[in-house]
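There's a structure below that I have some questions on.
To keep things simple, chains are lettered A, B, C and D as they appear, and every chain counts its residues starting from 1.
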Amino acid sequence: MLAPVNVSMESLNLMTLAPMLIPIVGALLILVIDLFKSNLDKSLYVMLSILFLLMDFGVLFESAGLFAEGGTIMGVFDVMLIDGLAIIAQFIIVGTSMLFIPLALTNTRFHEFSYPEFFALFLFMISGFQFMVSTDNLILVFVGLETASLALYTLIAMHNRAKSFEAAVKYFTMGALAAGFYSFGSMIFYALTGSVEINQIAAVLEANQYADIGYVLIAVTFMLASFGFKLSLVPFHTWAPDVYEGASAAMAGYMSIVPKIAAFIVVMRLFEFLIHSGVVWLEVILYIFVILTMTISNIWALVQTDVKRMLAYSSISHAGFVMSAVMIGTTQANSALLLYWVLFAFTNLGSFSMLWISRAKNTDNAAESDHSYNKFAGLIKTSPVMASFMGLFMLSLAGIPPFALFWGKLYLISSAVTSGYTVLALIMALNSAIAGYYYLKLIVYMFMKDPVVGKDGHVYTVNSTLSLQVIVGFAAIGTIFAVAFINPLLEFITAFAYNSGY
Amino acid sequence: MFDHILSILIFFPALAALFGVVVDKDSIRAYGLSVAVVEFALSLMLWFGFDASVSGMQFMEQVSLIPAFGVNYIVGVDGISLFIIVLAAFFTMIGIASLTDTKNVKNMIITLLMLQMTMAGVFAALDAILFYVFWELSLVPMLYIIGAWGGPLRVYASIKFFLYTFTGSLVMLVGMLFMAYFYFQATGVWSFAILDWYRLILPQSYQLWLFAAFFMGFAIKVPMFPFHTWLPYAHGQAPTIGSVMLAAILLKMGTYAFIRFSLPLFPDASVFFMFPVAIIAVIMIIYTAMVAYAQEDVKQVVAYSSVSHMGVIVLGTFAMNVEGISGSIFLMIAHGVVSGALFLLVGVIYDRRHTKMMDQFGGLASVMPRYATIFGLMLMASVGLPLTINFVGEFLSLLGFYEQSHIITLLAGIAIIVGAIYMLSAYKKMFFGEVTREENKNLPDVNKRELLALIPLAIITVWLGIYPKPVLEPINNSVEAVVQLMHDKAITPEAKSAIPSVIKKDETSTQEAH
Amino acid sequence: MEIGLSHYLVLSTILFAIGLVGVMKRKNLLLLFFSTEILLNSVNIAFAAISHYYGDLTGQMFAFFVIAIAASEVAVGLGLLIVWHKRHNNIDLDTMSSMKG
Amino acid sequence: MELFLYTALFAPFVGSLFAAIFGASPKTIIAGIIPSILLGVSLLSSTVLLVHVLSTGEAVHVEMMTWMHTGNLYIPFGFLVDQVSVTMMMVVTVVSTVVHVYAIGYMSHDKAFNRFFAWLSAFVFSMMILVMSDNFAGLFIGWEGVGVCSWALIGFWYHKESATWAANEAFIMNRIADLGMLIGIFLVYWNTGTLQYHEAFEAMKHLDTGILTTIGIFLFIGAMGKSAQFPLHTWLADAMEGPTPVSALIHAATMVTAGVYLVVRSNELYSLIPNVGLFIASLGAFVAVFAATMALVNRDIKRVIAYSTLSQLGYMFAAAGLGAYWVALFHLMAHAFFKALLFLGGGNVMHAMSDELDPFKMGGLGKTMKATMILMTLASVALAGLFPLAGFFSKDMILEAAFSEHHFIIYTVLLFTAGLTAFYSFRIIALIFHGEDRHTALGFHPHEAYPFMIKAMIPLAILAAIAGFARPYYFDMVIAVLPETEYHIHSAMTYWTMTIGTQLFVIAAIYFAYKKYMSSDIKVPDGTSEMENSFKYKLLINQYYIPYFYEEFLVKPYRALSRVFWKDIDMKIVDGTVDGIANIIYNTGENTRGMQSGNLSTMLKWMVAGLVILLSLAVIFGLTVKYSGV
């Protein structure tokens, strides 16, 4: 006879669900509106999405306030876990989404934005990521991950070009494999500990002193493979360049930031307790991953001829760079990771938006790809403002001070230094130097060569609208004056990460 | 006004550059020049407001940037940095004044003003991160100048210049982070302030590693053998104004940083590495002088001669005594003036003939006597003739190092021989002999605009050669403070004995007086 | 012979391995999707078995979620597949290499 | 007195600036006159100072301003006029005034007349700094200053390859020596703490002999360069490419004697280290005979005189090295007068012969150029050291000094050289002025120089004739600062034997020269005669193959090595390494980018492979942990 279910609303703490529910409600609303009146302009959906995301953002502030006062909040049968990491990650996810969604307001009409489903899926995806980061239950992580991923595959495919489909299929197939890895890994953890809650897994493993270390490692291996895919660590990165190339620039930029931060949060939750309990193997493996990912993707980025593809490799490299924080595992490193990602978001938002602005509806048959380097040749002469902005973002990506990403690099390398990873710090530094080459290559094309296409410069701004310009301007300001907001940001992040035990 | 003069000096040109975007391209030259003149006037005000008798930092400003991580905006000048700042402003001014008609002159002037900001910033920064910010940022305008206005290999040259220096500085950045971490360990506070770091005494083993890390950054910038190969390309391809800025100011960043960072932070390591560094310096001096002799392109001669002279500067820096360090700082300024002038002079002939190959010239002395005279003066300054500015620096640098090692100084002194060899033979090839080429027969002599740049340089060359006191005195006071600091900080007996105490000597001399 | 937990786990592992081999070997997109289903379902078996072993419902819950996710994956996957087939008239993996390098 | 001091010093400088203003404009006679007048002013001021020093015996010492001051180093622009420097000042101003006036005529047809005077006066200024400075650094200023002026004046006719080559050679060779000098200065500073002569010499008395020897050697290396001592002598003969007044002023009378001046000035140092002194004396004696032999066969008037200068410098060093500083200085003075005179005479001949320098192509010029002939003969007699001209007194004293110090080898060498000197001097006199007229056939139409040029030479002639008689007064004056070394041969018999013997030897040499070269069968040598093909002749005419040696074994290897350094080491190895690293990285990318084949199957395989590798690593690690003695 089953005991009556007796759960108080109080202990459910439904408030914890609010941030995820808001985008879901928004998505549903958009679908409902479409039911009543179709063929509405995309600007409506964009603004609606922004409104809901703003609300989401506001609720996050509320959660942040609660966390600051009372520490970690659990809810919904202790499945939800609202700690500092979750809050910061959601801030990044929602904030970045807010900045990316206006990119839909292009001058040229693109197929996908005429469907309201696009925006609904977008909002679903956001809530999926939010679930992913605000739980330590492997089931919910899986659900969040897949919700988001499936939405993302569709969004990519909606770009409706041959390459987009190819990209979506590739991404999807590999994602399915990764999902298999993930579930297998979770299964082993479950088999070992009888739990799918990360903190309980940790507690059990701690209690039996890692007696089954071999099996733990196998589980970790599967998890690594799965998240390695999500984070595009070498050799699980192969999808990234193709998907970035196939997806629209706006979507590619989005992908370089949001899915990865969600994955980073899960990885931090999952791996850091292992590292702290002295699983040397994991540390070594992560070390190898970090170095391989940074270096190999850098080397491949050197030889790219397409800017978007180059940026894809560069994103892989940045992910590898940041992955080192997970390996180091100190509060400083984790804060550095989050700080880096915020700054990276600004810079990548800017650079991908620039590509998006210059994206013509139909690729010129003569050009080998949408964003070949040649397209940008002599940009300073035809469109100096564009060139200056693009140059700025490239410099930031290369880590030239005082632009945004430099500070992230600085803090991250410092965390390596502080934890005694001298060689790692040097490798990180040298990789930045290698990376400098391909960013410079674009600058060289823009500033030092003569134009080859569209002497009037119009081709570079076909998509330009006020909202896109605002976004780029916003990204530029964030990139240039990063130093002004780094201190509060750093203090905030450090406090939250520290209070969550990371 | 004087409270914030350094910030004004740093950010005024940057702001002006931004506003310059709006200025019409026909008026941009006048705009740029007036900004540069104001900037130079400001730098002169800085000089006149500077109290030469004070050895410490002056005009200090401090604003917190990232207090959580100890990064602050701290600027200040002492005798070591003051004159390089003035020189930078001066060169920006005459650089813009003498700018020849190039394409995209607007972009060039905006870039130059940006460059001026970074140059003022590097030498005024008293926070390691701030220093690093300007240090790296200075690469960008230079990259653009070389890459956009340079010769046929300009892209290769500019990327090489950028990446090479960038790589070195990243290693240096790691060193800085370690330094900050050690400071954090010792005090519990993060700080990148150089003056804070000065108070930190590190064990020798740490010093050695950190010295090496900083050395990578500085040595590539200087550039020291064997990291010098970016320089001939950069100079060879850069437009005149680029070479002038590069040689006159940007190279000095490296040697300045040695004095600002390496010596006072790591006195024991500096003494430990004194001889290796000195040997590198000697190689720079002799080897690059010989390479300079083999050149066929007059600009390359001057470029390699820069490396050779930088060797003397490095040597003086590592003399670890007041004479040597003062000399090396003075030589930085001197070399700035002279090499800047020489590059301008090469630019003069390049504008007329669009070639820099010496075999294309010959007999120019009769065609362009004024040009030949000024070139001759600068040549003599370059080979270190007494009563020209270079001699004071070279003499003091070598004199200083003589206390540390006779043999190395003797070898380094070969500079005065090999320097004469390449310079005189280049001069002979260009100016002496019969005019053999038809196109050389009617070359116009230097014009007013060029004289506007060259005459002040010639005056400085002679003036500071005869009367170096106004510059040497503030340098001396600050250097004495640095040497004393190093002496006090040194922990190994070798370092204690290698670095003389300034105060002790003063005491004994006063005792003698009693 | 009594069938214990380990047998289920071994079965699960074998199925997973078969799925992996299928993923690597299959050039037909549809068969590839089958392989990924095998992967997920192999895990389901293990989850159910372990759940039973511990007397804990979590594993079964996980299995249900996996089933749900697998289903939605199939939906999305087949959607993509159909579009691809419409455009290219085949579902051969080797034709999908317009982007590389 | 300070006023006179500054006037003496800066008048040439003002003159130089004045001429420089007209530097680029065509010939302006005033650009020659004003500097000459200003030099006259300088001469007058120097005379006033001489009188002052003579009458009061006190030195004039001023400190104009600080030059360098850093750390413990303090170098002022300080000037000292004492008995030694006033001698030099007189020599410099007298000779240079004469040369300036002479040059107004000599250079009157030259386009670059104004530039010439600018440099010539600048040279005098530098020379004045050199001799008047009260410290080593100031000396070095002048030292380098004269070097530059000499460079500019040797290469004055810069369109001539040989002239510019010689100019660079002179400068570079001097630089080699200057390095020694610089090191010497460093040594002085680090051991005495000062560069002021007075204080430094005072402090040296307490120093270790080893250090003093090093200082002495390095300073002397500096002197060797300026005074063209072996092995740094080759530049002097080549320097004759410059205009003749330059040769007279710089390469005979003043600059080349700077080395001697340095040794004399540092007498307090060299007195402490007699071994170095002996070396200097031996080297001097060697150079004396070495240079004289080269002068025997040379077929270029100016080069002969240059070798003669070299030889006479050897005499001076011999004297200075033996401690007879005042004798060296006295010979320096006397030599300045007659050698300048000889050069100026040579200049007249050159002008007359349209710059032809081969005496074999002249002959019988005495008929058209009587005044020049007389002046040059007078100078040659003085040079040969015949009584009662200046050379007799000074050279005789050197021989006496060598003899009475019991350095008989040096004495013998110097005596022999005196004979050679007489021979080669009169060889060219004979060839130029006497014998058959060989020049008309070659198309020369000689004429005498302007009268004012001749008149300008007269003062030198007078001084060359009578300067010797000033020896006792001079001795009284300089012993205030120089060691009081009187040389008396013990027995009067020996003394007279020596003196008269020397005179006879010299006269015999002169006679022999005249006899040999006045004969009517002298022809322009065409390289066929037996003598010209003899080894001895070849050795001498090729300057003992030393320039050849330098060219082959120093200059060419240096050039080749430079090229190797540039092309092979710098471009290929050093830069190649840098580019190589970059290329390796880039090529790795190029070669491996194929791994990203774009094929989905491959991508999936990569993923599975990654998993398998990780798994195997995990298993290995797990097994290791399990079986590693837990």
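By our rule, a residue touches a chain if its C-beta (ideal position, glycine included) is under 8 Å from a C-beta of that chain, and two chains touch if they have at least 3 such contacts.
Only a predicted model underlies this, so the values are computations on that prediction, with no experimental measurement involved.
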Going by CA means, which chain is nearest the middle of everything shown? B
Counting only Cα atoms for the centres, state how far chain B is from chain D in Å. 36
Using CA atom averages as chain centres, what separation in Å is found between chain A and chain D? 77
Distance from the CA centroid of chain B to that of chain C, rounded to the nearest Å? 66
As a quick test, compute the distance in whole Å between the mean CA positions of chain C and chain D. 96
Name the residues of chain D that each touch 2 or more other chains. 582, 593, 596, 598, 600, 604, 608, 611
If I count partner chains per residue in chain C, which residues reach a count of at least 2? 23, 96, 98-101
Among chain A residues, those touching two or more other chains are 169-170, 173, 177, 241-242, 303, 437
Every chain pair meeting the touch definition is listed as A-B, A-C, A-D, B-D, C-D
Residues of chain A touching chain C in their complex? 138-139, 142-143, 146, 150, 153-154, 157, 162-163, 165-170, 172-173, 176-177, 179-180, 183-184, 186-187, 190-191, 194-196, 241-242, 245-246, 303-305, 309
Along chain D, where are the residues that touch chain B in the complex? 23-24, 65-73, 137, 140-141, 143-145, 148, 151-152, 155, 158-159, 161, 164-165, 167-168, 171-172, 175-176, 178-179, 182-183, 185-187, 189-190, 558-559, 561-563, 565-567, 569-570, 574-575, 577-578, 582
Contact footprint of chain D on chain B as seen in their complex: 160, 163-164, 225-226, 228-230, 287, 290-291, 293-295, 321-323, 326-327, 363, 365-366, 369-370, 373, 376, 380, 383, 385-387, 391-392, 395-396, 398-400, 402-403, 406, 409-410, 413-414, 416-417, 420-421, 424-425, 428, 431-434, 466-469, 472-473, 475-476, 479-480, 502, 505
Chain C residues touching chain D - in the complex, by the definition given at the top: 20, 23-24, 26-27, 93-94, 96-101
Residue positions on chain A within touch of chain B in the complex are 380-381, 384, 395, 398, 400-402, 406-407, 410-411, 413-414, 417-418, 422, 425-426, 429-430, 432-433, 436-437, 440-441, 443-444, 447-449, 483, 486-487, 490-491, 494
